[in-house]
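What follows is a set of structures for review.
Consider the two complexes below, in which chain A is the common component and chain B and chain C are the respective partners.
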Partner chain A sequence: MLESAWGWLIVSYLFLAGAGAGAFIAAVACDLLAPDWSKALARGGSLVAGPLVAVGTACLVFDLEAGLWQPWRQFYLISNLNSMITWGVIVLSLFIPVALLYAAALNEITFVGRIAKKYLRPLEYVGSALAIGTAVYTGILIAVVNGVPFWNTPLMPVLFLASAISTGLAAAMIAAAVIDINTIRTLSNFALGHVIFLSVEGVVLMLLVFMSLTGSVDAAESATMLISGRLSPYFWILVVTLGILVPFVLSIVEYYEYGAMPKHLVVGADLLVLLGGMSLRALIIYSAAPPQIV
Partner chain B sequence: MPRYGIAIDTTKCIGCHACQVACQNHNNLEPKEQFNWILEREQGKHPSFSHEFIPVQCNHCEKAPCQRVCPTGAIYTTPEGIVYIRKERCVGCKYCIEACPYKVRILDHGDGIVTKCWLCIDLVRKGGEPACVTTCPNQVRVFGDLADPKSRVSKFIARHRAQPLRPDLNTVPRIFYKRS
Partner chain C sequence: MEEQKDKPQEREALTPTVEGEAEPAPVAEKAAEAAPEGPEDAHPVKENALAEKRGRAVVAGAVSVVIISVIALLVAAIFQLTSRWLVVCPTDLPVNDPAPILWKSMVSESVQPQPLGVPEKLTGEVGYKQR
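What follows is the complex of A and B.
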């Protein structure tokens, strides 16, 4: 009765929506700030952003019960503006088409892409706002839940935004490597992004755990589960070591050894960031402990 | 309008689970589905110890977190102050289960919707009392109108200084407990 009502579908959704939004931000940042460095990163990021968020949204829909086999009920989802899910539905249904249009524009896919290319800058600005909205929203979704004191903190959206940008950058870099493996040298420039956002993620995660340990008894129960309890092996190995520390060190090396690092290590660091992001979402959902009521 | 609520005297509860069975009976629930159940708490060590039975159910909170987070607007508060689920609007997103601090909402896999205690609104509107209240052999539960200071439940709460579970969670529950 006390196990979490949400399972791996919601975990996947939180991860995919974050990674997709992050990939969009990485693509726009690359196209606006460093168009000469690597076209492949902007192209790769834009190509994966929309599909990642769309697959994540599909996970969300498959997690529904009556809303899945009576799909017309989904129209009710925008009824309550006090609910974060209502806002999420609005943001997602705007972001997915914009992200797909941006991918079409940047890669000049069919006539749609040629038309959209004329509006590249507006697409980038509107899309970035929606991407940040998507990433932050996944954090607010669980931060407003007072049934789980561990989630109920403003640090949650910050953590999810930082994690979304680092996983998104990782997804974009992997896509760029797939498009053109030779650009992997120039990708070293973007390893700095990993260094910055992984450190932000690490600091915010540390704050979240420490604040929870010293806060309410209920939040401390979840935090204890993560650092020394049932979930601690996953937390220390998957999230802290493989998800943050190893890619952080690899990215520093990558940035300073410009282009000299073996290709599989570059892609490996990105895969580890993705693994860490997914594990972080999973552990936050599975460590949910309700308040002690008696 | 009335604001219905229940006061529960845990010192009288013997943990017989009659309330749970009466509720399942009245609401045609499967054996595994429950709208109310009994938590147990033990304090102290033999020979000085106490064992407490605490019946729990939906608190019909004045500021219901489930109602705030429900994206479809399926959850609303009836004029009698009962937090009610419109079955035909629920999509089964389970956000309300996460939001409820008391974890008294259950998923009905058959209909694919979330259900919970509805304070037997069908019986109450006919002038009766909820099944868990009337079935209890020890009259642990006192049902009535919290808005009326002269009702039995209001007097009970005032006399015994009954408190909701975790009032600090600020949801303003309408189930009160006399714990000792």
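What follows is the complex of A and C.
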């Protein structure tokens, strides 16, 4: 059985918050760089960003049982500015309303959206900074845990940022396909984004594993658990093959075939990226080996 | 080279129009035909069509969030269900454990000459395991 001090609620938070932040970045990138032909993706990304991070943050709050039963104690979360967690709480608390406001502005939802549309550019710039902060914070949250040498590395936030952008792009593409399946042909333009960010994710993951293997005994134990230990079937099948290699190849084909690829394969590639992203976070949490006391 | 040059143009040509921008909605067209008196009558129909589109977009966003959350649940279910089948390779099999043999020789009344190195029986068992 899988054992860890941190459970599925934390894994879900890491995944949903990362995907939400990535979807926001994808939406802003589309709106700024290609506003003419990527409106559906920008709209899709903006609509899922805020709710995904909100659901993820709810998972985090449910995991903090004291905070769940005595919510007023959560005020203390922002009382220590020397703590990374305090800054994470501030970033999350600011990002969710900004992302919801951006979705309202871009889609002109209610009078709030019509007012916010006047401040679309400032919302995009502020929201992007907060989205990067949210994505990086998912990695920092576990990188600051000194008790687990495998997590305690500066590569962790980089890996989580790359994975967040990759899963966020997939989430935005799925939302765009749900809004209007006919826009799926334009999504081929964004397959290149998948190719780039899946490559970065793969390289950083490889670096993390190799650095852990040559690092401390405990970090090496965690890395061994992933590549040849009891978690290796999940690592090689769910993360490496289904989560990185298959969508990588499909994205290359999608980019060069441009619009000729069957719709179910385009959406399937995005679903696999999300499956791999969630599995990656689960494996990182469940492969944690505490330092041995000699 | 020719093909490469043509590709961006082809992409632009293939790019479908974004909803509600270039092509007027069929509902709005019909309304304009049916009520040619003035723009005042057509305006509410267009508003409704836009509101409907926005409503659809919001519902689509909610559906997408549900889909992504279901993926998270699915992965958790895969891990929880299949982790029961994982068999940890045992590292403490009796064949590797020289303690009983050493203990027997230590408590034995008769002192027997001990060959240097690993006992022959244990060597055989280890050799059998390695095969």
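The rule is short, and it goes like this: the second predicted complex is superposed on the first by the 291 of 294 C-alpha atoms of A that agree within 3 Å, B and C clash if a C-alpha of one lies under 4 Å from a C-alpha of the other, contacts with A are read in each partner's own complex, and residues count from 1 in each chain.
The criterion applied here is as follows: a contact is a pair of C-beta atoms (placed from the backbone, for glycine too) under 8 Å apart; a residue touches a chain by one contact, two chains touch by 3 or more.
Computed from a prediction, not measured in an experiment: that's the story for all the values here.
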Exercise for the section: Kindly say whether there is room for both chain B and chain C on chain A in the superposition, answering fit or clash. Expected result: fit
Practice task
Check the residue A:Phe15 against both partner chains and state whether it touches chain B (first), chain C (second), both, or neither.
Solution key: second
Problem - Touching partner for A:Met278 - first (chain B), second (chain C), both, neither - result: second
Handout entry: Included angle at chain A between vectors to chain C and chain B, based on C-alpha centres and rounded to the nearest 10 degrees
Key = 100
Exercise for the section: For A:Ser79, select first, second, both or neither according to whether it touches chain B, chain C, the two together, or no partner. Expected result: first
Exercise for the section: Taking the superposition as given, tell me the minimum C-alpha spacing from chain B to chain C, whole angstrom. Expected result: 5
Problem - Residues of chain A that lie at the interface with chain B and also at the interface with chain C - result: 1-2
Fill in the blank from the handout: chain C contacts chain A in the complex at 7, 10-12, 14-16, 18-19, 21, 50, 54, 56-58, 60-65, 67-69, 71-72, 74-76, 78-80, 82-84, 86, 88
Practice task
Can you check the complex and tell me which residues of chain A touch chain C?
Solution key: 1-2, 8, 11-12, 15-16, 19, 36-37, 39-40, 43-44, 47-48, 51-52, 55, 103, 107-109, 171, 174-175, 178-180, 182-183, 185-186, 189, 230, 233-234, 238, 258-259, 271, 274-275, 278-279, 282, 286
Problem - Partner chain A, residues of chain B touching it in the complex - result: 37, 39, 41, 52, 54, 56, 65, 68-74, 88-95, 97-103, 106-107, 109, 111-113, 165-166, 169, 171
Fill in the blank from the handout: Counting only contacts in the complex, chain A reaches chain B at residues 1-2, 4-6, 63-70, 73-74, 76-80, 82-86, 89, 142, 144-148, 288, 290-294
